[in-house]
Amino acid sequence: MEQAGNRPAVNLKGQAGGVPFNPHHQETAPGVNLAVEIAGLRLANPVLPASGTFGFGAEYAPFVELNRLGAIVVKTITLHPTPGNPPPRLTETYSGLLNSIGLQNPGLEVFIREKLPYLRQFTPPLIVNIAGRTIGEYAELAARLSEAAGVDALEVNISCPNVREGGIVFGTVPAMAARVTAAVKGNTPLPVIVKLTPNVTDITVVARAVVEAGADALSLINTLQGMAIDIDTRRPALASVVGGLSGPAVKPVALYNVWRVARTVKVPLIGMGGIMTARDAIEFLLAGATAVAVGTASLVNPGALMAIIAGLEDYLLDQGLADIRDLIGALEI
Amino acid sequence: MAADLSVELLPGLRLKNPVMPASGTYECGSANVYNPGQLGAIVTKSVAPVPWPGNAPPRLHETTGGLLNAVGIPSEGVVAFREKVLPTLRQYDTALIISVAGETTEEFARVIQALEGEAGISAYELNFSCPNLGDGIPFGTNPDLLYQAVARARQETKRPIIVKLSPNVTDIALMAREAQKAGASAVALINTLTGMAIDVRRRRPVLGNTFGGLSGPAIKPVALRMVWEVAGAVDLPVIGVGGISNTSDALEFLLAGARAIQVGTANFANPLVMPQIINGIASYLEENGFSKITDIIGLARKGEEDWG
Amino acid sequence: MSNKIKIFVQRVKVLIQNLEAEVLASCRVGADVYLLRLQAPTIAEIARPGQFVHVRCSETLDPLLRRPLSIHDIGDGGGLVFLYQVRGRGTAWLARQQAGSRIDILGPLGRGFTLTTNKRIALVAGGLGIVPLLFIARQALENGNQVDFFYGARDRERLYQRETLQAMGVNLLLATDDGSAGFRGPVTKLWEQYLKERRYERAYACGPREELAEFAHLAARYDIPAEVSLEERMACGLGACRGCVTTLRDTTGNRYYENVCTGGPVFDAAAVEWEG
Amino acid sequence: MLMYLQGKIVTQKVVAPEYNLLVIEQPAIAKAAQPGQFVMLKAWERRDLVLPRPFSLYRILPREGQIQILYKIRGQGTAEMARRGAGEEVELIGPSGKGITLPATGAIALLGRGIGAAPLMAIAEAAKGQGLEVYTFLSARERSLLLGEEDFARYSRRVVTSTDDGQEGGGRLLTDLLVDIIEKESPSLQRVYTCGSRRLARGLIPLQARYGFIAYVLLEEHMACGTGACKGCVCKVKDPARPEGYSYQKVCQDGAVFPVGEVVW
């Protein structure tokens, strides 16, 4: 595909990584270990896509060798098809992206029937993100996905409002977050990763509650709640008024939360929030994350995941380190 | 005809325009580029009961679209402030808001006591949300403590009390309601979001204090969302602050329901930004056929109930 | 640990490409309107009318997201032509790029127009709605169609690319709001006059939403299969993030959200929910 | 007095790999600036880079209405600066900081490490203009990074250099080379100014009493406002009046020049 005047465009100034994208990238350099373990899952490297930004994998297949990822994380699945929120659903902010998708997905049945067979062919563990409107829905999703071949772990999205309890967000109330976790845990033999929201006074309280309820790992942060107004129409820029903020703007907040939670609980963490480059990823590892998830960066540069994996390898070689696990939580205060 | 930019921030406190600096980001007359009397109000840096040195450096770090700081409210203490700083600030022909900091309920009260005899103070702004003291969870994030501190300050003064709210809470509207119940006259939001950065080469936190407060354009969407929430939840004047860098940003906050706005980090990048925003708002009003600024305050909320 | 079943899936030919394309030329053709020509033969070769390219409008993180640009034309030797208006910081950056600079593009993306052969078709463009319609006009003429190109704008100055269209050999019918060129009034009104006399096999439109709604309404009334190209803010452009949806109606009248980036940007005009 | 003004780039040239010299036309700042002062500079519209960056003044040319900035390309801000060319505008806040006060007579010494040479040039020029003797000591990793050596030679009685690879000055410390000169030539040394290395600054402390000069360090810190408002750019300075024995002083306003003996290292 390369011709005069055309070359792959992954290596942008100040952007993800520094290697041109090669879908047939060589295996990890000899003598360097990138592999990590999360809740019994062995990941060949600590780099995952963030749920919701990676569709069901196939969308990114032209740019990302799915077999090279640490794990594959798919979009949130709900029990029934979810139409999502009305448009406009997106607006760009300074160094950030505000979105309000509303968990649009085809529902559990269609996922198992139409998406899972494709995803099964890849070797990295498959992590399915789930959300329910009630605790019962979480439990049912967990049970049914555990029976479906090819699912290796569940990531529980507790940042959605509970319809029955007047719209209270599960993830902001420690007791509710714990009940969701316990319900999922009680209905699956699979490892359970709980995804935490940063929109709380003290994230460590929620972290402790879900770990006590059985969470095998935590992922954080979900998006920060934000808003934008169009001064020409004088109306909110998003149809649903409030959306989730992601991208490099939120990175300092994400890193702080990861650092605090890492000092509070013993389970492994998947850190995320504004990771654009391998350097960003290393900050999260140093703060105590065992793996990282890359979201908005893929929207900007579809090859970002590959560039970040390669960048981690380069960092280890450059620093004379043999094992990425030596970086995890290695921050000196 | 030029549009009327004046707003009645509080009963009896009319500002010539809704633009003022965020505490700690503007020194009157330092970059001597304009007369501070042009501003809607002057907001001082936070005044502590006794001299505070502030945090160990490095105190600053630029992040993508933001500024992380762990300055830690250095202050010469209220006595030195009263003797040395206040007399100059009083000269300017605009409202004067004194930002008050403390580590305990009594400390806030002490600062106010020390200033009560002084003329020329339009209001106090209570800074509860400095995230840099203690373990990172400031007492301004606890609704009961917030209530007590505001109520205690209320006993000391009849002057208006503005409560500056921390965004690092689950429910900011709840905090605003507590402030109101305790006697606050207005709320200002948001203070900084707590954040952190790591130097991957040295494998150490960048800031001397490990973590700090994030400000600047990066946090604007969060600030706007909280202003929107609070303006819809409490019947108190709201001052919007958080990442406002230009006229358009300022207008978003006014349209969301803020009665005034504060400009912080943008002063560092552009010392003229506040007068530019004042002029920019005036032009916007004229171009869009509004005769006074109060016509656009909260205008984006029109038909809110239909959105569900 | 996992009982993966290895399924043999035939590798689909990779069509979407991410590459740095050289700017061949960039010039201003109106107040804020620019014509940009990029060298991207591998995309130009396979691009279909109605498809778009997702353009990185920065070398930094500001602005952050790509901007979708419909393909306006395919030039000689692998040139990819765009016509766009500067609306914000992203397009302003794009307008500053000069011949020789390189731009990160992702494409071709999206579903294009359904083409016909040897038929009479109508194209209805409102303002910058001309962008994707010039490309389909060129293709349609090559396929032996007769093309009535209805083109409306605020005034004469905003009727871009008239010469190009004329040179291509379309039957160009102009409308302006102020009457400075052609019919005075909305372009859909002009089209309506022709609809009364001429039978079109298919019709295609792009432009402001109200005009598209009117177009869809007329197409339905005269029972003409019609397609519209829609615009929406996008993040990934690949169908992964579900950010750029529009509301559609299925045959039973049920409303649902479809991605503009992968389900569109070209939609059956009858399927679009114009009220929502 | 601080000003906020636009300046126009006259030229920009590469002086060493990753080191550029920027010449800016800005008469008001050129007229007001003193050696040892700095400016905050912003040369981009990008919103992801929020703050202007502080730069010391390499040369102050009031007659030409120009200032010169010698800088190292370290991050995204300086990389943006490096992309600007002649005729482009930059935003300037300055002149910031206290600057230095030269002695009336005698000699001064300048000790610069790497890019720390930058603010010393303006001091050398002013000192020479007042008829003072200037001794300049420069060190760097390697020969090509000894910045402004030829310019310094014009204002200095002597320029002594040292490189880490030993090719110059046997790789010796500048403080040792300074002692050599003092012992050999016994200049009437009144003041010493240093920039670019904390170790170098600390090393001057014990020499002050022995050789009867006062040493000053020009500190570098990350800055947000450069005007004293944000209190972000502090350093620890001895303060017997405080129970802690020190207080934080603002590099931008109380500095950037401090007596080495007063800084808490």
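When the chains are written out, they are named A, B, C and D in that same order, and each has its own residue count from 1.
One rule holds in what follows: a contact is a pair of C-beta atoms (placed from the backbone, for glycine too) under 8 Å apart; a residue touches a chain by one contact, two chains touch by 3 or more.
Just so we're clear, the structure is a prediction, and the values are computed from it rather than from any experiment.
Steps from subunit A to subunit B, minimised over paths through touching chains, total 1. The chain with its Cα centre farthest from the Cα centre of subunit C is D.
Across B-D and A-D, it is B-D that has more C-beta pairs touching.
Our note on geometry: subunit B versus subunit D, Cα centroid distance of 36 Å, whole angstroms.
Each chain gets a centre from the mean of its Cα atoms; for subunit B and subunit C, those two points are 46 Å apart.
With centres set at the average Cα position, the gap from subunit A to subunit C is 33 Å. Of all residues in subunit C, those that touch two or more other chains are 60-62. Shown for subunit D are the residues that touch two or more other chains, namely 47-49, 76. Multi-chain contact residues, meaning those touching two or more other chains, occur in subunit A at positions 13-14, 94-96, 248, 276. Partner subunit D is touched in their complex by these residues of subunit A: 13-14, 94-95, 248.
Residue ranges on subunit A touching subunit B, taken from their complex, read 93-96, 98, 172, 199-202, 224-229, 231, 234-236, 240-243, 245, 248-253, 255-256, 259-260, 274, 276, 279, 282-283, 286-287, 315, 327, 330-333. Subunit C meets subunit A in the complex at residues 1-7, 9, 14-22, 39-42, 56, 59-66, 78, 102, 104-106, 232-236, 238-247, 256-257, 262, 276. Within the complex formed with subunit A, the subunit D residues making contact are 47-48, 76, 79.
The touching residues of subunit B, when paired with subunit A in their complex, are 63-66, 68, 136-137, 141, 168-171, 193-198, 200, 202-205, 210-211, 214, 216-222, 224-225, 228, 243, 245, 248, 251-252, 255-256, 284, 296, 299-300, 302, 307.
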